[in-house]
Structures are given as C-alpha cells and as structure tokens.
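Residue numbering begins at 1 within each chain, and the chains themselves are lettered A, B, C, D and E in the order written.
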Amino acid sequence: MSAPATTTALRVTGLTAGYGPVTALDGVDVHAEPGRITAVLGANGAGKTTLLRTVSGLVPARAGSVHAGDVDLTGAAPEKIARAGIAHVPEGRGVITELTVEENLRLGALLGKARGRTDTAIDDVYEMFPPLAERRRRDAHTLSGGERQMLVIGRALACGPDVLLLDEPSLGLAPRVVAQIFELLRERVEGSRLAVLLVEQNARSALSVADEGVVLNVGRVVASAPAAELAADDALRHAYLGF
Amino acid sequence: MATPVRPTEKAGSAPRSGREPGRWAALAARLRPRATFARHALLALVALVVVVLLLELTGPFRNSQFATMSYYAIAAAGLTVLTGLNGQISLGHGALMAVGAYTAGLLLPAGIPLLVMLVIAAGITAVVGVIVGAAASRLKGPYLAGATLAFAVALPGLAIHFDEALGGEQGLAVPSPRAPGWFADAVYFLSANETSSAKFLAYVGWTVAIVAFLLLANLAASRIGRIWRAVRDDEVAAELAGIRLSRVRVLAFTVSAACAGLAGGVLGVVVRLAAPTGFTIVLSISLLTAVVLGGLGSLFGAVLGSALLVFLPPAVTNLGASAGLTDVQSAQLAPFVYGAVLILVILLAPGGVVGTVRARWHARTTAPAEAPEERTGRS
Amino acid sequence: GCGAGGRPDSGSGGGQSEGSTVGITADSIKVGSHFPLTGVAAPGYSEIPTGTKAYFDWVNANGGVNGRKIDYVFRDDAYNPTQTSQVVNELVLQDQVFAILGGLGTPTHGAVVDFLNTEGVPDLFVSSGSLLWDQPQKHPMTFGWQPDYEVEAKILADHVAKTFPQARVGLFLQNDDVGTDAERGIRRYLDKQIVSVQRYTPGNTDIGPQMSALQAANADLVIGFNVPSYTALTQLQGLKLNYKPQWVYSNIGADPVLVGSLLGRFSQGQITDSSLLNGIITDEYLPRADNPADPWTAQFDAIWKAHGDGGPLTNFRIFGMSQGYAFVQALLAAGPNPTRQGLVDAVEKGGTQFQGPWAAPYRFTADKHSGMSGVKVVQVTGQTTKALTPVRTTSNGDAPIQDETGGETPVPPNGIPTNPGA
Amino acid sequence: MTAPPADPAPASGSPATGGDVLFAVDEVSVRFGGLVALDQVSLAVPPRGVHGVIGPNGAGKTTLFNVCCGFVRPDSGNLRWHGTPLRRLHPHQLAGMGIARTLQGVGLFRGLTVAENVMVGADRHRRAGFLSGLLALRRSDRDERALRERALAALDELGAAHHADQLPGSLPYPVQKRVALARALVAEPEMLLLDEPASGLGGDEMDELGALLRGLADRMAVVLVEHHMDLVMSVCDRITVLDFGKVVAEGPPDAVRDDPAVVAAYLGEEAHR
Amino acid sequence: MLQFVNTLLTGLGQGAVYAAFALALVLIWRSTRVVNFAQGAMAAFTTYLALLVVESTGSWWVGLLVALASGLVLGAGVERVVVRRVGPHNELGAVIVTLGLFVALQALASILFSAQFRSFPAPAGLEGFPIGDVTIALTPSMLITIGAVAVVLLGLVALFRFTDVGLRMRASAFDGEVARLLGVPVGRMLTLGWALAALVGSLAGVLIASGSLVWPAYMDTVIVNGFVAAVLGGLDSPGGAVVGGLAMGVILALVTGYVGADLVPLAALAVLVAVLLVRPQGLFARTAARRV
C-alpha cells in the first residue's frame, strides 16, 4: 500500500470545467505532493471552489484529467473519488444538519482507512476541537457557524485521507482557532504522506503555512511557485492577492 | 390568457445584461402599456377574443369541454398562485371547490342571480380559506400536504352528515341558468350562431376565468406577489424584511381559496349538481397536477394544465377504442396514460410546458444562464 | 326576443323538436350509457354494460331491431358526477346518441338528468333504485328500471314482520339514498322492532364497530341494504365476533355467487364454502346466474357464450342483458320509425305490459316513471335459493303489498322480444 | 462579570460614547437545554458608530443577535429600544421599528431579481395595500415605481445597480453580499446588525466594506459581529467580547486587543503579535 | 362493555394496519426525503402477485414471500427508473411523480388483474378468541398483523439507530452531495431505501388484504389514514408512525361505533389539526430546527 513518497498524490492536468455557458476553469494544471501543503489563491470568482469541486467529481470536467497517484479519477463519481482517499471540506454548509455531531463524525470515520478504529478517529477530532466533544449528542443544526466549520474539518481528518482539499477552512472561525488549525495542518502534513490543497481568501496567512502556491485568475493559472517566492513577488501580490 | 406571473422586466428598467434582446422583443417592449392595469386589460381583451373565436368556431360538445376547462383553469390558477408563488402545497383545493359548488346549489334555487352567487361563493370559500390557511400556516412540506389531504377527505363528509340541508350522497341539484335573451342576440349578431346551453355556460365560465386571471395577474405583479415569492424563497430573510409570515401565507391561501370557490360555483352550474362524490381527493390531485404540468407559477400554465385534464382522457379512450380495445379496456387505459404523462413531463420537462418553452426561449434570445440554482452558500 | 341582429324567432325555449331522430339511420341506432369502469365503484358494476353489449351483439347478429343494428357506446365516469356530466355531454353532443340506457348511480346520473331532459334525449332504465327518476313532470324523458329501494324494503320488511314477529331487528345501511329510502320502507312495518341502526361509508372497509354495536344491542335479525362486498365483510366480522343473527340482505347486496366466491376463498381462514350465507333471506327480481334451470338464465348463458368477453356469466351481466332486452322491447313498441319522443311515448303507453326476464311488471305510465313494482322473497339454501313468497308487488308510500298473479314470462325465440303491442 | 477597565476616550472623534443609548440589552440570559448560550449579557448601543461584538466560536454572538431580533426568546433579561422595553418581540416587527439585520449566509430570495430583492426590503415604505394591488390601481403602480426607485438608489450606493434585473444566484459572491446589504439599508434603519459581513470576501472587498461601514456609522448605529480582526479593529468604535456567553471585555479596540483575557480566549498568541 | 372492548380491539387491529403502512412511509421519508404517494398502489400491485401465488400454491406464506420479494424489486426499480431522474431540490416534482405512479399503477392493476373484487385468504383463523362465554374481536390473524408491525418497528429502529447502513441512508437523504463526498454511494442508498420501504409497504398490503377483499383501489382509505398517521406521529419517527397508526385506528373505531361512520374523516381531520397546531412537526419530531 505504501506508495513511494515521491509519487505525486494528486495531479490535475489541463482541467476545464464550468456551469452552462460559464467557463470557470480553463486548462488548469495543479499538483499536490505528499507531505506538502499547496495553497490555491485568487480573487472572488477566480475558480478556486470550482477547481476543488471538479477534482472531487461534483462538477463534471469538460477536459483534462485528475490522477491520484497512478489512479485515473477523471470523470469518476464523487463517492468513488472519496473512497480513493481524497477528502473534501466544502465551502460553507458541509455539515449534515439533521444528524448529530457524532453521527457526522462517524460518517467520516467510516470512510476508508479509519474503518475498524472509528472510535479513536472520532476521539482524535474531539481532542482537536473540544467544543465538539461537549456537543456530540446534539443535532448539528444547533451548532454555531464556527462550530460547524470545526465539525467539517474534523470530519475530513477523521476520513484519514491521502489528499485533503480544504475550501476556505478559516471561514467563520475565530483567529485563535484558525491559527490552531494551520498549526495542526503543518503537524499532520510534516513527514506524512498527506497532501493538502488549501484554498484561502486570506492569501497572507495561507502562504505563511503553505509550501507551494498556485494563483488562479478567471479560471487560469497565472502563477505557480514555492510559497515564499509568491509572497515575495510584490507585483503579483498587488495584482491578484490583494495584500 | 398569457400572463406569466414570473417577474417581467418593468418598462423603463435598466437594460438586461447579455445579448441584444432582438428587434421584435424591443418593439413589443415599446408597444407595451406602462400601466399594469392597461397591460393586463389588453391581454384580457385578447383572451376574450380568443375565447369568442374558439367557442363560435367549435360545436356544442367542444363548447361543453371548454366550459369544463374553465372551472379547472380558475381553480388551477388559484392553486398556482399558492404553490408557485407562495410555495405552499395544497391537496385540499378540491374540497374548497365543493364549498363553491354547494353555495351554488343552495343559492341558485333561492333565486339569487348567477353573478351574485359567484361572488358569494368566492367570499364564503375565502372565509373557509382563512380558517384552513391559518391552521396550515405553520406547516410545511409533507405536513401541509397531510393536513390538506385530510381536509379534502373530510369536507365531503359534512355534506353526508348534514343531509337535510346539503342533500347527502345524492347532493344538491343546481338549476342551470339559461342564456338571457340579450346575450343570445348579441352572440347571434356577432356570429350568426345560436347559443346552446353548453356555449352559454362556456361563456360564463371563461368570462369568470378571465376576470379571475386579470385579478391574479394584477396581484402577482404587485408587491403582494413579490412578497409571496419572497416568503417562498427564504422565510427568515422575509421575516427580517418586516414580513409577517403567517399573515402572508394566510392571505395567499385565502386568495387561492376564493379562486377555488369561484371555480366551484362555475362547476356547480356546468355540472348542474353539487354532490360529495364529485369532490374526491382525485379532484384535488388533478388540480395540483394541472398546475405542475402547465408550468408552476404561471397562469398560462394553469390553462394548459387544465386543457390536458379535459382533453387527454377522452382522447386516450377514443384512441384505445379505435385501436380495437373493448370499452372497458380503453376506459382503464385513460388513467394509465394520464399517470404516465405526469411522470414523463416531470422527468423530461420539469418546468412544465410553460417553464420549458420559456427556458428554450431564453436559451435562444439572451445569454443562456444555468437554472438559477444557488451557488454553494456559506453558512 | 325581438331579434337584435335580425335573428329569426325560432322556439328558443324547448330546443327539441317533436320528431327528433338524432342517432338513428336506416340501418343503425346509437345508444349510449355511463358506468364506473375505473375507480372505487368499478368492481361489479363495470360488468353490467358488458352484458348489455353482448345482448345487443346477439340482437344485431339476429338481424337487429326493424333492420337496424344497435350501436352501443358506454363511457367511464369513475362514479364521479363531474365526469358523468362530461361523458354524457360527449355521448349526446359528440356521438349523437339516440338515447341513454341504464346510466348507473344516483349522484352520477343525477348530474345529467336535467341535461338529458332539456336536450330531449330519452333516458331509459336508470340503473339505480332511487326515487329520483320518477318525476314525469320535471323529467319527462327519464325512467327508472329496477324496483326502487323503498319497494324492496317494504316487501322484505313485511315478510320479516310476519315471519319473525318477536325479532329484535338491527339495520345495516349504506349511508346514502339506498339506506334512507330503505329505512323509510322498513319502518313502515318494523318500526317498533328496530333496536339499532348502523351505517357504513362505502370504501371504508372497517365495519367492526358497527357490528359490535349491533351485537351489543342484541339484534337477532339484521337487515342489510348494502353492496355485495359489504355482505362478505359483515359475514367475516360476524365470524370474528361470534355474532350470528338471521341476516336479511337486499337484492343488491345478496349475490350468492359473488359473495360466496368471495367468502369461499378464505380457505386458511376456515371458511371452506359459502355456508355462511346458508339461510340468509333476500329477494329476487331477475333470473340468477347460478340457476341454469331457469330458462332465462339458460338463454342468457347462450348469448354470453356467443358474444361475451370470456369471463363468467354473472348476475351483473344478467342485469345488463335484461336492460338490453327491455330496451329492444321499448324500441319495438315505438314502431318501425322511432323518434325520441316516440320512444318515450311508447314506454309510457305500453310499459306496464312489457314482459321479460323480470319478475314483476313495470309501473310506467304517463304520470309514473318508476321501474319494477315488486320482488319475491327467497332464502339461500346451499348453492341455490328457494322462494319464501310469491312475487309480491307494491309501490311507494302506503300503497298496499299484493301478490303478483301474472306468472312467469316464457322466453321468446332466440331470447329477442317481439313487439308487445302487435 | 466585571468589565475590564476601558479607556473611555472616544475613538476617532465619533460620538460612540455619547450619553444617549439607542438600544440596550440588559442582563440577557439564554439557555438551550443544559447549555448556557448567553449569561447575563448587557450591551448599550449608541445612535451612531460601529459597535463590534467578537468572541470565540460558540460564544453566543449570533444568539445575541437572535435575541435582539426575536428569533430566540431570552430566559431572563430585557431589551430596550429608544428607552422603551421590548416585550414579546417578533422578527417581523423589527423592520418597522427601524432595525435591520443581515444573515450569516447570504439569504437572498433566489427567485426574485436583485431589484425585487431590495424592493422587499423597502416594503416598509409602501403605500398601496391589497386592494389596489388586486385591481392594479394607479396607486399601486405609483407605489411600485417609488419602491423601485428607492431600491435602485440603494443598489447604486453599493455599486450594484447594473445588476438590478439579474437573478442573484448568477452573481459573484461579493455582489450578492452587497445586494443583501442594500436590502437591509433600503429600509433606512436606525440600527443595522451585521453578522459576519466579511466572511468569504477577499482583501480588496474587505477594505471597501470597511470604508462603507465607516460611512454608515455617521447615520445609524451599526453592530458588527466579525472574526476578521483587521476589519474589526479598524472600523469599530467600541467592542464587546463574549466568551462562553459572558461579556469578558468591553472597550475601544486598542484596549480590547491588549486585554490578556481576550488574547487567551479569542485572538491567540500568534495573531496578537 | 363488550361493545367497547370489541370496538377498541377492532380499532387496534385496523390501527396496526395503518401503522404498517405509515412505517413504510416513514422509512422512505427518512431514507429519501420523498413522500411516496404511490406506496398504496405499489402494495396493491404486489398483493395481487401474492394472490396469484396463494391461489396456485395454496400457501399464504409463500404468497407473502412473493409479495415481499416483488416489493423489493418494484421499489428498487421505481427508484432507479423514475424517482432518480427527478432533479434534486424538486420537492413538488417528486410529489407529482409519485402521484403519477399511483394513478398509472392502479390503472395497470385493473387492466392486468381486472377491476373485480377478489378475496385474499388469511394466514390464520378469522374467529375471535372466546373468553368465557363471550368472544372478543381479536383473531389469530390480527395477532400476526400486530406481531409483524412490532417486528418491522424494531427492525427500523435498529437499522437507523445502530447500523452504519442506516446512518448512510439518512445521510444520503438529508444531503446527498455531502454524503457522496464522504464516500457514501448515495444512489445505492436511495435505491435501498425505496426497496426496503416497498418491502414494508408490500407487507402492509398483504396484511390489509388478508381475510378481506382485494380490488385495485382497496388501499385508498389506508393510504389516506396511513399518511395521516405518519404525519401525526412525525414523519421522521418509526415509533411515531406506530403510535399515530394505533391512535388513528382506535379513535376512528370509537367514532364509527359511537358517533357515526360519516364523521370518520372529519374526526381524522380534527385529530390531525389538533396535534399539528400544537406540534407542527408531529408528535414525536425532534425539536424544531435552529433557523438562524
């Protein structure tokens, strides 16, 4: 099972996708390496969310391919992609509000590697986000916005994925929790085979935690470089990243 | 009467983004009267002309089918306002029609004139609508469907229980009004045709329908219609905008009940009877399907849907008979085909007839837009 | 009207002219009807028009009526008056039928009776025992057919009062005109003996509570005016409660073949034959399908074998054939060139003389349009019935009950009537 | 809880700490089952200026808004508006009183055009009733035109007027947020409650929002719940900090930022460079 | 007294039947968020198949098995072929499609099996148990019905509360997209939900028919009362369905026995409205959802 650490965990080539007449992604190349965090940046409407949704099969690709390791996942159903080890934290409303907190987590833990040790996987999440532990028997609709976000991130981690797609994980979270999550991500990624694709509005903090960065503009990749390099490029920052 | 309830561009609004709307559309926009009333009245006039042409050019049997269609159309129009604009499902509109029909059965023999009776029927049913609507205003989805279903099943039972006044199972006979002399003369003057009773009833039905449609179109285009749609789309946001949900829901139910009552009154005189077996749950279901088949939320769709209700079953039966089936088999074929058509329309044209045509039209004229599905929101 | 548009002043009132021959050609005559062919009322009733059709096919195969073939069209109204009104409009205005024959149901036919009369369409032999059809002033074109429920109830109740003077009587009634008309007739003879009246709503098959109530009232004789399926249900419920009164069912509910076959199938439920029905009292006015010894039944069986749709001959079908027989008879009486009005006149003039498979004569005259005047009371024994009384006749209200003296009508050659007037 | 000593000096000259109070929350408590969402929370909102409410996730900020709007009935405590107590408050009464609120999501009416969305917000200024709508009287048309003009003006102010006849679902997210704001503003409220208005916005849009809020603060009271500290610190005149349903700090931005309790509970060491 | 007991018992028997039907509705609602108005017609269809088998083999139990198996297949087929193609978030579309199925299947049943009454044998005795010298309205067949309802109830509770499949089914129903992101084969779960619900529905169909008459529309009253029972109990709660069904059965029996049969539908409406006015989500619904 253990793939050589050099294999690219996720390789997206020439991906094109859209909605009706709108082309939201236009020939995008992105890859995520094990043990590294890749930040996907860009203004509102640049196509970041569409990229993640196309990778996980929610939006059909019109051209291009998606590979996880050597497995071709282009055009596969979302559940199949999820079972191939790609976990997606969707933007906003990712909790199943009618289920309890624990049931939401159990769904995550049931997927893939965590099978057989669902309880420990769930306990790990509670340890990460103590507010969830206190609310484990409550229906998820009673949670506050930030608590829901914690739940979705925790659930994705409980899946024990190879590739983690995070769509604006900081949305609605208190600054301290954001810092904590980024820290945690670094810990998880460091020296493991987990690859992270991190979409963030806040380019500055995303680049501070990421290894690589990709900048999208109107559906196209305009820059792709190590994070530090991007952060240092003033022209790029002003043009696309707004800081 | 082709009055879509959907938001139409108001005259003098900022130009729609996207491609040029085309020369014809521009011309139409220029010719369109500014005042809502004038615009709708014009359409009503056109509709009236169409009705006269149809009724004068077809025979007595078609006339009688048009009379039947008129009351389905009125009730479906009321329901489309409730369901399409306000988002409430009702499986109980058949029972509300019964209220109108029984009003006809009680008032006409007492010598009340037809028009007065219709107004009273609408009024009484509106009152029933207030009560039902108030009880239903907190219910949603299947709970609303269940409550209105129980209402539809229960109400005819009243007629059996109070059989002294309401005629029990065999119902109340409704004296069918005859065409007044001046009316028959006028028709003869226009078309040199005699006025059969079927034709007169069809004229009555469609006149009532056009008036009802005119009023509903007015409402839909006014702030009331906008508020109904707002409540349908997002309760919480509507409430924060100062809208009292329960009152708005009850109002929608009441308006739609009044239409059902009006339709019931027309049904009474067309069928000449108000009996419990005429108002089974099947009627309520037919109305709902008419609304959806035509195109939810569109008054013109209500007309199309009711046309399907009236013209499809006999057509299927006759087709079956000419294909060599026995009378019993071809009669059984009609509901089968009807059910199959329902399923196929939803699967192939989920917007109903009007919705699908409109989508095609949009796809051709303006920059095509995906169905207005919400983007992944953030909570 | 003064004719605003120079309109010719034709009789804008009545609409029908005296000699209307709509629906008749030199070699055909079109007849229409409405029945519940689908929906809740379809079981049983949908068989009636198949019988009529088979009979007409037989008549047509034998040369028709005065050289005219009968073209019989029946349409489905699903027992819903609004649909009845639509299909009858279609029959009259589109198909241009000459007459309507045997339209079924009280509320359903009630919706079209006005229309048929204003259009001047003969509306013969309505399949319903309601008293509504007997209003010659208001509805000159409409005629009943079967003994009305009141007449039937009177004759049954009279028999019960004489045979079971001590009985505590319970009533089990359908909650519509069947029940109300019947109750009126029954109370004329049994008013003091009635201990409980229970009603049921067709469609609701849970009649346990009503049966418990009858049992609790210690009713030891129950008169049921109900449809056949409820006869089966009352018997099953009686079994459950171990409640075994003497049952008296009206003709519509007591079809021993049908009910027996319904009950007979409960093999695991320990009912192995229709013995439950053994001993019940009912009445008859038509030959029964399970009585091949009856020459009428034999004739109808032959007709059904020749022109039926393959199913068994049932009492519903005999009902329909008998209506067809009566219609042919009326048509013959109306002469070689019948008009709509002529048909009605012929029924009014000769109706009391019409003879056929029915047991008691019609009451048709110019001022009475009620159907048959009587029935005979019978008891089910094993697979058949035995007569308890001769055919007895009466009429509505306080008309006395008399024994019918006419005797049985022989089957004419081929089972096709000859002109009764000739 | 005792509020930490806060510097009473008004921030950047706006009348944040003027003597009069537009809206007051007095010792409000809310419990959900065993969970105490708000615990004796008090808040005083002056007629002008931006009042921030911050705190960790689940601290009770949205619940506080819900109490102010009548979605949640407090177990104890009072609300006062212009000094008069509010009893049995219902959400639909707010608009009429002059209170507007945006939702944590977007909350636009999907089936209504942008202009119509905003016109619903302007319904408070309607003149025509049911009958004139039913009969399409001139009055109704005039009213519609007036509402539409108001709506377009509000959209114009937020730079979204050119989207007036589009359906909101097809618009970019920041535009949708602006439409939602326009719908709240068109009612001309005296107090505006904003629940995380900046979430999902990019850096530029956030700056624009900040400028806009400062502008609004001159004509109404703005209460802002937000997790973006840059925005909060730059626009707020005063900040209340909630934690576990309690007020743990209250004061001008600088004082709150340096409050060790706030740092520990909310900001985190790193963010507090 | 005996009348009261017997009325109560028939009410319970009838209530068990409503409960069985309501359970099928709850199952489908919980697992697909659709109210299946075609449930009754589907059950009638499978009951006819069972009747054919019973008539040819003579065994009620074999007939039941056939009904259950064909229900499973029919439910899965209907979901795959029809329901799945209704777009998501098209609540009304789903309602109309199931209504269309209802109409079409009922018509098909009368075409295939004729519109006439037929009797359906009972699994066991139809005679009430004697107690002393009276007979109470409780029969061995009724006991089987009540037992079957109890088994189904327990099965459903166990399925949804304790099994992973149950959790996945609920997740698929509530939010298909998120469920798919979590690797749940949503399509298969929805098919499974329909199949199981149709199985329970067929069971209800056979139980209702047993010892009584069958015709294409024989389920109609049960459809209405079963739906009302499910709504009464709260569509999400199997326990609620059973309580609602039994309550409906008993109340309606009492009204029939002591007030009048024509008031039965009114009584059903009154009970439903009374309950929903106080609890708009039914008796056993969880607390109302947080709205903001």
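Operating definition for what follows: a contact is a pair of C-beta atoms (placed from the backbone, for glycine too) under 8 Å apart; a residue touches a chain by one contact, two chains touch by 3 or more.
By chain, with names taken from UniProt: A, D = ABC transporter ATP-binding protein; B, E = Branched-chain amino acid ABC transporter permease.
Model, not experiment: these values are computed from the prediction.
Path length between chain C and chain D in the touching-chain graph (shortest route): 2. On a Cα centroid basis, the chain most remote from chain D in this structure is C. Counted by C-beta pairs in contact, the busier of B-D and D-E is B-D. Between the CA-based centres of chain A and chain B the separation comes to 49 Å, rounded to the whole angstrom. With centres set at the average Cα position, the gap from chain B to chain C is 39 Å. Look at where the CA atoms of chain A average out and do the same for chain E: the two points lie 43 Å apart. Per-chain Cα centroids separate chain A from chain C by 76 Å. Within chain B, the positions touching two or more other chains are listed as 157, 160, 236, 332, 334-335, 369-370, 373, 377-379.
The multi-chain contact residues of chain A, meaning those touching 2 or more other chains, are 90-92, 142, 145, 171-172. Residue positions of chain C with contacts to 2 or more other chains are 37-39, 46, 175, 201. Residues of chain E that touch chain A in their complex: 164, 167-168, 170-171, 174-175, 177-186, 286-287, 289-290. Across the complex, chain D is touched by residues 43-45, 91-92, 131, 134-135, 142-147, 149-150, 168, 171-180, 201-203, 241-243 of chain A. Considering their complex, residues 2-3, 6-7, 9-11, 13-14, 55, 58, 60, 107, 110, 115-128, 130, 134-135, 137, 139, 141, 211-213, 215-218, 220-221, 252-254, 256-258, 260-262, 264 of chain E touch chain C. On chain D, the positions that touch chain E within their shared complex are 62, 65-66, 69, 71, 103-104. Of all the residues in chain C, the ones that touch chain E in their complex are 37-40, 42-44, 46-47, 175, 198-201, 203-210, 212-213, 215-216, 228-229, 232-233, 236, 239-243, 258, 261-271.
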